[in-house]
Every structure is written in structure tokens, then in C-alpha cells.
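The structures come next, written out as C-alpha cells.
Next come two complexes built around chain A: one with chain B, the other with chain C.
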Partner chain A sequence: MKPALFEYSAPQTVAEAIALLAADPGAMVLAGGQSLVPAMNLRLASPSRLVDIQHIPGLSGISVAGGEIIVRALTTHRELELSGEAHRANPVIREAMAHVAHIPIRNRGTVVGSLCHADAAAEMPMVLVLTGGSVVAEGPQGTRTIGAEDFFQFHMTTSRESHELVVEARFPVLPAGAGAAFDEFTRRHGDYAIAAVGAIVRLGRDGAADKVAVATCGVGSRPMRLPAVEARLIGTRLAAEDLAAAGEIAKDAVTAPDDINATTSYRQRVVATLVRRVVEKAAHRAGQGR
Partner chain B sequence: MSTRAFGSRIKRTVDPALLRGEGAFVDDIPLANPLHAAFVRSPYARAKIASIDVSAARAHPGVVAVYTGEDIGVLDREMPLLIPHPSMTDARTQRPLAKDDVYYVGQTVVMVVAVDRYTAEDAVALVEVDYDPLPVEVDIEAAVKPGAPLVHATHPGNVAAYFVQVSGKPDETIPQAEHVTKIKVKVERSTAAPMECRAVAAQFDAVTGELTVWDGTQAPISVRGGLASIFGLDEDKVRVIAPNVGGGFGQKVLLFYPDELLVPMAAMQLGRPVKYIEDRRENFIGSSQERTQVHEIELYAKKTGEVIALRDSFLHDTGAFIPYGIAVAQVASTSIAGPYRIPNIWVEFTAVYTPTVPVTPYRGCGRPQSCFAIERAMDQLAEELGLDRLEVRRRNLIRDDQFPWTREGLLFADGLRVSLDSGQYAKALEMVSDRLDIPGFTAHQGKALSEGRYLGLGLGFYVEGTGLGPYEGGHIKVHPITGKVYVNTGLTAQGQGHETVFGQIVADQLGVAVEDVILVEGDTRAFDWGVATFASRAAVVSGNAIYKTALIVRKQIIHAAANMLEASEDDIELRDGAAWIRGTDRHAPLAAIATATNPLRYAFNDAAKAATQFAPASRHDGPPLDEGQHPGLEATDYYSPACATWAYGVHAAILEVDPDLCSVKIHKYVCIHDCGNMINPTIVEGQVMGGIAQGIGGAMYERIEYDPEGNPLNANFVDFLIPYATEVPNVEVLHLETPSPLNPLGVKGVGEAGCIAVGAVIASGIEDALAPLGAGKFRQTPITPSMIHAALVAH
Partner chain C sequence: MPRARPGTSVPSVSSDPRARVSITINGELVEREVSIRMLLSDFLRHELRLTGTHVGCEHGVCGACTVLIDGKAGRSCLTLAVQASGHEVRTIESLAAEDGTLHPIQAAFQDCHALQCGYCTPGMIMNIVGMFESGEPLDLSDEGIRLALSGNLCRCTGYQNIVAAVRKAAESLPAG
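Let's turn to the complex of A and B:
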């Protein structure tokens, strides 16, 4: 479990980092190293060069502006989890974050690193999808903003070009009056989700849901919204039969084949259960907020 | 009088250094300019090797040597069959490096030695091996069927061993049965996953001709003997040291693993120290595993629930080779009747070769499987007869006045008959019932059910034959300058706390503080008679050997002190590091006594003056040492048990299943446990809790997954789920102490106890919780959420 030979660079600026990436298609960005280093030790990844971005000033920090929580590339999971400002702006982030690995890993791993790693069962990519967020990527040609739905292509594959550095992620704040919730099932605390579900619900004056966003991860090749589930719930009072029906619909989203932790059929049961419970909790919170 | 150390909760003396990172494990041993080994391992479960090309690897910068089977001289042979037994024909063991054939994914094919492990791994990738893959069958039930692909062409049906044992007269008794319960159970394969993987380092001194091997092994003396014999060296020229070792659980008692021979060979040939530090993936695919067994068990009972006979027929997966013989299957078969009288037993097993990592004992060694079989069968019998689960057990438990309960005809793993020596089985069952309020549980369960919650009660009773022979020794020496007591024994620790418990035994006899007893073990230079650490035997076998030795040294001290203090031996008491004339303040420190018993020529300190030739106390009428007398305070003695001593316990839990998520939460877990006299209850509890944690792993999480081609799918800590602290429930341990009548200390082993019953507890609890939903039976562990889901869907 020793990595193959690689070059190492510690650029001081974003421009330098991008130049290094552009010069060598085999180069990879090193952030907190919590996914990349194990992959290198197992020789599943053998980058020719590591571009360590940890020494670039100005790439850290969290701010809330223009209706978005802006998370710079070097922000660790733990910093975002503990940020009061971010929590007030969108409480679903902290709720989801408690399920990302364990505190020592959250102390080192970065939120943007997790998004770029794009594991199909990872929590933060799903939260970006749920909230309708985006990432900002910088390359030799300049900067572009990529919406979450376009960014996550497949398990561990994003639409980032290999010479681009993701400099920040943007999570929209929770809409006024809405409630949000997140839950997942893992066999052990802190593992990647067998299935996770997040929901954002707003209730109209009549008590019926007028805005519903539901997203899931762990059940397919990438995190995704569940439009059919949302459609079934919008306009209803989210009664038990509505939730049960929505859960049944959610089963269709499961494309993951049987694996050593869960059969497809079991994953369907989990996602249906979580949709019921999470939507109900989000609605309850929306109700309390009013 | 100082308080007795034996039996008290003394903190483990080894912990501060280990917790501060001051331990010295094999990889920490400083070696001058060492080389590092890495292996090319088979990517196929079964294949013919067509060709091996190592030229690119040999040419790689930094590579010092590359070995195939052709290049290893005397080592190119099948490794020893450690425990021969007539039930095996032509038992197969592996070669250090595969030749012609590979038999499991992970088998070592080529060894690369290079300047560092990075370079060695780079070169491993450059070795080209051409394989012709062969068909495989990894499922043991399919592997014994006609036509199944064979692991070894020499073994039709993949049968490695077949053995039947009979106790009593099952054939005559069975027709008298009024009820028959028959079930089939399966326990899956797991692995010990010690925190430190295996490690070997070797250094050869060409001047003295001495080979020194640091080996993270549980059996340094046995490894030493094997190395001396295979390399044709004098035993005295081979020193094997097991330094700090981070967990063993049986996995580190196999000899030999290929690296244990190849690393010393390379060190001798290359004239430089060589080391091999196994990584986690290698531990998963190269170091022994255990557990897969399929039992078909039948209980023949009276209507009262009294079981009059038992038949069990099981398949045991031994992996690709059977180096440790039938030990696991034999322990399983001889433990099959558990704590119950069941006077008539017929038990048969077939050990089956599969193209997978070889199987040798892992903590529990067959007992978790047999406990699972008998306990699940007892639950089933209770259900079929409409009896309470506790009641059916009560009616069958061996009564206190029936000990020793001998199962004539069953030979245990030590080749000696099974005889359960002592216990209070019924009391243990009552204790667990009281503690969990089992009589009140049905009402509690019913109330929860009315709220839509599914509670279940799980129960498992186990016995454990512990403290196997053949023997261990103890050596004690009081050092003349410091007065500290040095103790040696032949086995070695992997974190158990031997320093503390052996220290406690000696401290009481010699009247010294536990901290002043220094244990040196795991080094053949320090003591080289003995066997190894396994089978919950250290406290029983080494503990009693050290105790017997301490009694001899105690006598020596009292005799010498009586002379020095001019008092009668009866008036001497030992305490606070000195010998005292009882009721006075006249005393002699231990150091002074040790010095005085050693006739001296040179006076190096005040105490020594008294022992020199012209001192008044010296004898002037003959030789300073009598014929047959030895200098100093020192003794060696041995303890060899007549047979195993049987510990036991009962576990019960209240758990809750969420049928929507198929998740299981353990609300309460109680363990009643009896290992005879406890030397140190804290250490006993640590052993029990650690065992239970491993048992929870086996019951709910851990399963080595092989695909149908024999590829391991979860050979890492991401995918092989070991429970975290968050998954292991709080456990309440209550003790019973029934002294073993078989040894002077009255102790029984405790090392494996915790893990044995957990699978039965969890399965019976889940079954109980989901009974209202008609989920059926849970007779296979680990029980995963997908299995619960499948059970709910099927009904």
C-alpha cells in the first residue's frame, strides 16, 4: 500500500495551480487528501503530479451573500458544519454533515474536495443537488459556473475539465418559510449512505405543500432530484397516504445493482422509508417555522 | 499485611507506554540499512502457472533480489502440517512461493526484495506471470457435490478430512425420543483483522552465525524450532523475538506464513537485514481466516424438553490448505452439546477445500459455530414443544452436583477427553433472567408492539474448553542489586496484559509490589521452553507454572531470610519487598537476601560485603555452595494440565428492529460469565467486552465476500465492516466465580469467551422481535439488513 512515484508541487496562486494542471494531463489536485491519498496507496489512482492547493492564500472561508452560502475550496467539512452563519442560512447542511465520515476526517477533508470526488453515495454532492447549488471552476480560459445537475455526471465523474480548479461551491440559502430535513441509512455510523434522502418543503396558507424538493444519493450512479416524487407531493397536505405513495415512486430511482451492503430490493425499501420520514420531518419544520 | 494482588482490579501496567506510542512493534525495531520485501500474489482463485518472467523486475533500479519458487532452495517444499490427525489423508499445505499451481487469490508467487517498500511494490508490478485459469467452486455445499471443480486433484469431493465422534449410545437412544427437532444453520467466514498486521524482520550475523528474527507471532519458540530445523541451524543460533504485537486472535499462531521463512532466507543470503510489513490488503488475502460452517443438527427429546440425544453433521470450510489440521472442526464438534447434559451424541464433520484463503483458528475457534447450532436448535425445540426458552434450557443444563461431566468418546483439541469440570449453570441462567427481568419481558414486548415497535429477546449459553496443554513454564529470578523480580515464560502477549496478571500472581507470593515484577516473554533468548499463546491458555497454563515457580522462590527466600535474621522459618513473613520477623521490625530486603544467597568474591556494594569470603556470615567449613545448591533466588517450574478446564457463560439482550429500515438496535446486553477465580476482574472484563465486540461483528457485520470466481470483494476496511464503538452496545458483565478444581490457582481461560454466544443472541433476538410479522427464522450470521428485508418480503 505504497503509492507509485509522483511529482509534487505546492503552488502559491490559483493561476499557478491551473498552469500546472494544464501542463500535465496526468496531474491531480490534492486538497484534504482523505479520498485521494487512500486511492493512491491502493494504486487505484497514480497521478503523475500532485498539485497541492493547500498553500494557496484566499482559497479558504465561508460567506453568505446574494442568497448563497459560498464555500471556498479549502473549507473543511468541519468548518462548514460548525459555521453558525451557514447554519442559519440553511440548516440542512449541518444536518447532512453529521453523516459525513467521522470528525477526524471532517477536520481534514474539504467540502469542495468531496464535490469533485463525486462519490455517488456522498452526502454533500446530494445537498448541492437538493438545494439547486453550483460550483465555480477556474481554468486557463477563465471562470465558469456549473449547476449541480450538470456537474455530477456519474459515480466519481464530474463535468470539470482536468485543467480546471474548482474554487468554490455555492449552496442557496433555505427559502423563507421552508423546512428542510436530511436522513440516511448506513450499516455503520459514518459510512457512505446505502441511501440518503434530503427534502425541502414549503407549505401554503391552506397547509398544502406549495414547494417540494426531494433528492437522494447512494441509489444510482449520481445524486439526483426525484421529480416524480416531488410532483406527487406538491399540492397535497402530505398525509400518510401521500407520503407512502411518494415513497413507492421513489423506488423507481434505485438503479444500483445488488452489492455487498444492500440488494436493490432492500435499497428500494430504504429509500421509500426515508422519503416518507424525511419529507414529513421537513414539513413539520416548515409548519413550526410559520 | 499488604493487600492481595490476586483478584484485585489493578490497572494494566502495559498501557501507559502503549498509549504514549512508546511500544516497539516489529516495524519499530531499528535495523541497519534494511531491505524490504513485497510479493507478487495470485490474482486467480485457481490456475496453472504457464510462465513467470521476472527480468524487468530484476532490472528495476533499487531491486536487490527477486525470488521465484525455483530460487529458494530448501524452502521450495510444502510447509509443515502442524497438527497431524488420522482423519486427514495427504493433508495439503502450501509452498512459500507457488509452483505450477495457484490455489487462492492472494497466494504468494514471487518475492521482490528492494531498498524500500515503494520500490519493491513498483517491481512487483513489473513481474509478468502467465496463468491458465481453472474453474472454481467457493460454496462449500456445492464443493462437495459430484462434478464440482477440485481444488486439489488428489482430493475427490474436495474432502480434506472426515471424522465421526460418538459419545454414549445415540443409536439405541434415538428411538426412545418423543420429539425430534431438526434445523440447519450457517455461520459465514470472517477474519481476525488485528490492529497491527503481521510483520517479520530478520538479521543474520555472519561472524557469530546467529540468525535473529523479529516476528509478530503468537508462537516464538515454535517458530524458532521450525526455522532451526528448516535451515539446518543449531537452535541456539536462532533467536526469535515477538516484541509488542498489536493483536493476534489466532491469526498469528500459524507457522509458517511464507514470509516467516523467506525473509530470514533473504537476510542470510543478502547479508543485510530484511523486513516484511504486511499491509491491510495482504492481511485480508494472505493471512488465515475462519468461521464458515454449515450444521444440520437434530435434537431427540422427551415431551418434557429433556434432550436425550443429539446428531450433528457439518461441513467445515478449510480454505485452500489445511496447515493447522482439523483443530477448528474438532473444537466445534466437541463443543456441540454446549452446557447441556445430552448424554448421547453423534457428530460428524467433513472439512472441505475451497480455493480461498486458508482457514486456521480465529478467536472462538469453532465454538461460535457450534454454539450457534445448539442454541438455535434449543430455541426451536422450545417453540415446537410450547415451552419457554429458559425452561427448556433449565431442564437440560448440567447440574452443579453432576460435575465433572464427562463426554466419553469425544476427544478435545488437545487429544484429551472432554470433561466439563465445574460450574453453576442454572444460577447463571437465573442471574441473566433477573438482570433483564426476562419474566416481565413478554408484557413489555406486547406494550411496545401495540405502539408499532418490535422488541425481541435474544439468548445464548456457551461453554468453552480452555487452558490446553501440553505445558508452559515459568522462570523467576530475584535480582540481587535492585531486588526486582524477573519473570519469564514461553508464550507471548498481543495486548492481553500478561505483565499485570503474572505480576499479580508473583507479587502475592514474594511480597513485592506488582510494579516490581518484570515480565520478559516472547524472546527465545529469555526462555525457550514452551508452546504459544492460543486457546485461552495463558492464565491457566503459564499462570499456574509461574505460580508454582513462585512458591519455590518463596521457600528459598524464607529459608535464606531465616538464616540471615536468625529466626525460625515459621516466623518469617514476606511483604513490602522484604522478609520480616513477624511482629517485629527486624527485616532483610529482598535484594540483600538475593545477594546473600550468592557467595561473592567481590564486594560491589554494602549488601555484597556480607556475601564475600571473609565476611562473618560466610561459611568457612566447606564449599560456599552445597552440592546441588544454586546461587541466588531463582527457580524454574512447569505446569502441564491434565485436560482442558471449562469456562462458560450466558448472554442475553433486548433489541429492537425497525422493520422499515431493517435496522437493529440493541437496547440492553447482559453477560454472565464464569472463568473460575479471577486474577484481575478489569482484565477479565476487557477480554469479555473485546470478545463481544468481535462477536457483534460476526453476528451483524463481518463477512468475507468472495464472488463466484473466488475474488475477494471486500479486502479492505471500507467494505469489510468491523463494528465501530458506535455499533457495539454497552454491555453489563456480571461475574460468577466457580474455581476450577483442575489447577492450583482455580482459574479458567477467558480470552475467547466473549465472542462465542453473540451470534446466537442476536439471531434469536431478531427472530423474536419479528415473529409478529411472520418473518420466520434467522439461522445464518451475519444477519444483514438485506437479509431481514428478504425475510420480511418472503412472508
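Let's turn to the complex of A and C:
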């Protein structure tokens, strides 16, 4: 019996869940529990009440509509990873998902739960930022859509209000003609990233990149796009010197303090290398797609 | 430093909020009233005395507590007993036949000497059972097997023989 005392509710509707959250600011939402329960076992988290949303109908499933992959709140990592429809719409999701912990964790952990947990080194929050996605939150005053850049505020901190339930995440489909790639560096497979980088690249007719998105996680207090890196690459042919220069610029994004795995200068070198490799791979895939 | 004497009774249910759970464990419906903060791993071991499920790190890293929840491998230490209510759980105790005949994966572990202390073995085997029964294609290369086992830590064997056992078990089981 590791967790501290808490109350438990298993609502049957979204409205009921929101009412429970609104009545108790110390309440937390329980979906898969793969981040929350370990935090409770270590007593890093001591919610006054758990609102277990597993019995609420309509919160499951994946659909692709309106240019977005819509992932409902109870969808597990593994379901999204194995979804052929989601993979065809944006292959970077499956590529990143292979790095999310291990299959037994992905079997139970939910995508939306990971987004709401918002670990600064977690892969799925970064993919949401990379793709320019959003989450949909329902609260007592209604529903609002929050863009990824506004949603992730800090390590384990989002702009979700305590009385809101995030009912779905929306990952945009890969733009036509674009290529995407994801890679990360860890000591052991399945660990949180020491640094991870994702990229989406589209090439113009002249072979120069006319659209570049680059995002990273594990190196700062939240997942983030790297606008200076993107600006350096747009309009270039992504030659070796362009990629190397972009990697150097990416070093500025590293703010994570030294930890047991890496020093700041080590992380900078890792992120610079990953930017080079991942942008190159995304560009190669964009080229193949033409 | 005084130690707990063997046989000292340790209450498995404290006075904190409780809930009634009904979980199908190894094919049998079990109903109990438990503390809502009781982990499934503790429920299996303390309430049901199914001590084949081992508890290592209790935060999801080591994989020793892996069981099948609705047929899929999951960490029993990262699941509350109340969360598992209404679901189906299978543990290592479900694998061998009544007469003691080992499941093919257990037999392969024995044949390949894939265990030394055995602490990680139940979690390893339940993870592999989940993988075999998922119907998803298996990658039986060394790398593929190691990837599948990456969520289960073993401190004795160096994994060589575990990889061999998984391959042997896969070959002995009917395809699909």
C-alpha cells in the first residue's frame, strides 16, 4: 500500500467527472495511471480524490477527420501506435511511440494522460508541439481548444484548469508532400529522452526546403519548437553545412541543468547531432514521397 | 533494530476508504472489499495469496509484477485494485496445468536455463504470453526479442538464455 490516502470516484459521464473536479481542487483524473500511479507510489503526488474516467462512454477511439487525427481521452498509447489509419495520416506518431516506455506500459497508459502529465522529456507532448496540434478541454463553463504551445507551460504543468477534463487530443495529419522523422537518445530503451528531436520537412520544386518544423524535448522545461533552427533551414537545400549550422543553433535551446545522465554541454552536443540526423531523414522521406 | 517476527500478522486492509471490487482472476470471479489505495499487485499477493506475481520497484520500471489485464500485459503495481474491478486478470499461477505440466514458455525457460534467482521470471513470462497471444507479428531476431523484453529487468542472467527461451517457445507454439 504505497499511495497516501485519497477518495475515489468512478463517474459515468463527462459532466459528472467535471462536477467532481470542480468540487475538489485537489482531485486528479485517473485514466491509464501509468504516470500518476508511480508518482503516487513515490508520494510525489497526493491527490485528495481520484476521478477514474474509464467507465465514461464515448471517451475511446481514434478518428481522422478535418485534417486531424482525433485521439479520445481513453485511447492507449498502444492503440494509437497500432492504428493503421493514424499511421497513414501521420507516420511520425508511430515512429515516436516506439520510444515511449515499453509495450506493457503503452498497453495501459493513455496518450491524453501523457499530454496532461506533461513531463518535459516525454515524447507525445513533443509530437503534439511538432505537429502543431491541440487538446480539447471540457469544464463547467463549456469546451475550449488549447493549442500545444499554450498547453505545455512547464515540466508537469499545463494550462488545463483543475476543473477541466481533457477529452481529446488533435494531431494534424502530415501535410501533403512533407516528410517527417523522430529520434531520441537514451541510456536504455524506453527511458525518458536525454534529448529527442522531431522534424517535418517539405521540399519545393527547386529542391529547397519551403516548410520546416523542428521540435525537441528533454532539454528544457517543456517540449518546444525551435524557430531559430527552422529559420536557418527554410529556403536552403539542407546541405551538410546548413544542417551543421542548424544543429549549432539548437544548442541554445538546452536549459536543463546537469543531471545523473548528462551535463549541459553533453546535452547540447546530443541535440545538435539529433537535429542534423532527424532533419536529414525527414528531408529524405519528403524527397522519396515526390 | 527489532525485526518483525515471522508469523506476525500484518493487516492488509487499513481503516481508510474502501470499495468493493469484483475481478476475474485466472478465470474465477473474486469479490472483496479493499482499501481504495490498494495496488493490484498487493491485492494479488496479500488478499489472494497469489505470490507468484513479484513486486520489485513498485513504480513500473522493473516489470517483475507484470500480469495480463484483459489479455494484455500490464504492471500490477501501477494499477489500483479498484481500477481492475470488472476486468479480467491472469497471473503466472494460471499457466501450468493442474497436473504440473508446464506451459510451453515455462518449459522453454527451464530447458534454456533462462532463470537463476527467478525473481523476474513471472513478469517476463506473462509479458511474453501477452505478446504471443496478441496475434501481432513476432520479430524473433535477437534485437526484436530484446526489444519485446526491454520492460523486464533481470539482474542475474545477462538475458542471453532468456532470448533463447523466447525463441524456443515461439518455435514450439503453433503459428499465430
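Going forward, the second predicted complex is superposed on the first by the 289 of 290 C-alpha atoms of A that agree within 3 Å, B and C clash if a C-alpha of one lies under 4 Å from a C-alpha of the other, contacts with A are read in each partner's own complex, and residues count from 1 in each chain.
By definition in this document, a contact is a pair of C-beta atoms (placed from the backbone, for glycine too) under 8 Å apart; a residue touches a chain by one contact, two chains touch by 3 or more.
Only a predicted model underlies this, so the values are computations on that prediction, with no experimental measurement involved.
By the touch criterion defined above, A:Asp52 lies against chain C but remains apart from chain B after alignment on the C-alpha atoms of chain A.
In the superposed model, A:Leu30 lies in contact with chain C only, and not with chain B.
Measured by the number of chain A residues touched, the leading partner among chain B and chain C is C.
In the overlay built on the shared chain, the residue A:Thr273 is in contact with chain B alone; chain C does not reach it. Residue contacts after overlaying the shared chain place A:Phe154 against neither chain B nor chain C. With both structures placed on the common chain, the touch criterion links A:Ala262 to chain B but leaves chain C unconnected. Of the two partner chains placed by the overlay, chain B and chain C both lie in contact with A:Lys2. When the two complexes are overlaid on their common chain A, residue A:Leu42 makes contact with chain B and with chain C alike.
Look at A:Arg187: by the touch rule set out above, it reaches chain B but stays clear of chain C.
In the superposition on the C-alpha atoms of chain A, the part of chain A touched by chain B in one complex and by chain C in the other spans residues 1-5, 42, 188-190. Of all residues in chain A, those touching chain C in their complex are 1-8, 10, 30, 33-34, 37-38, 41-42, 50, 52, 54, 78, 82, 101-105, 107-108, 188-190. Chain B contributes residues 117-118, 121-122, 125, 279-281, 660-663, 701, 703, 705, 713-714, 716, 719, 721, 723-724, 726-727, 784-786, 789-790, 793 to its touches with chain A in the complex.
On chain A, the positions that touch chain B within their shared complex are 1-5, 42-43, 185, 187-191, 194, 260-263, 265-266, 269-270, 273.
Partner chain A is touched in their complex by these residues of chain C: 14, 16-17, 19, 35-39, 42, 58-60, 63, 66, 69, 72-75, 77-80, 82-83, 127, 130-131, 136, 147-148, 150-151.
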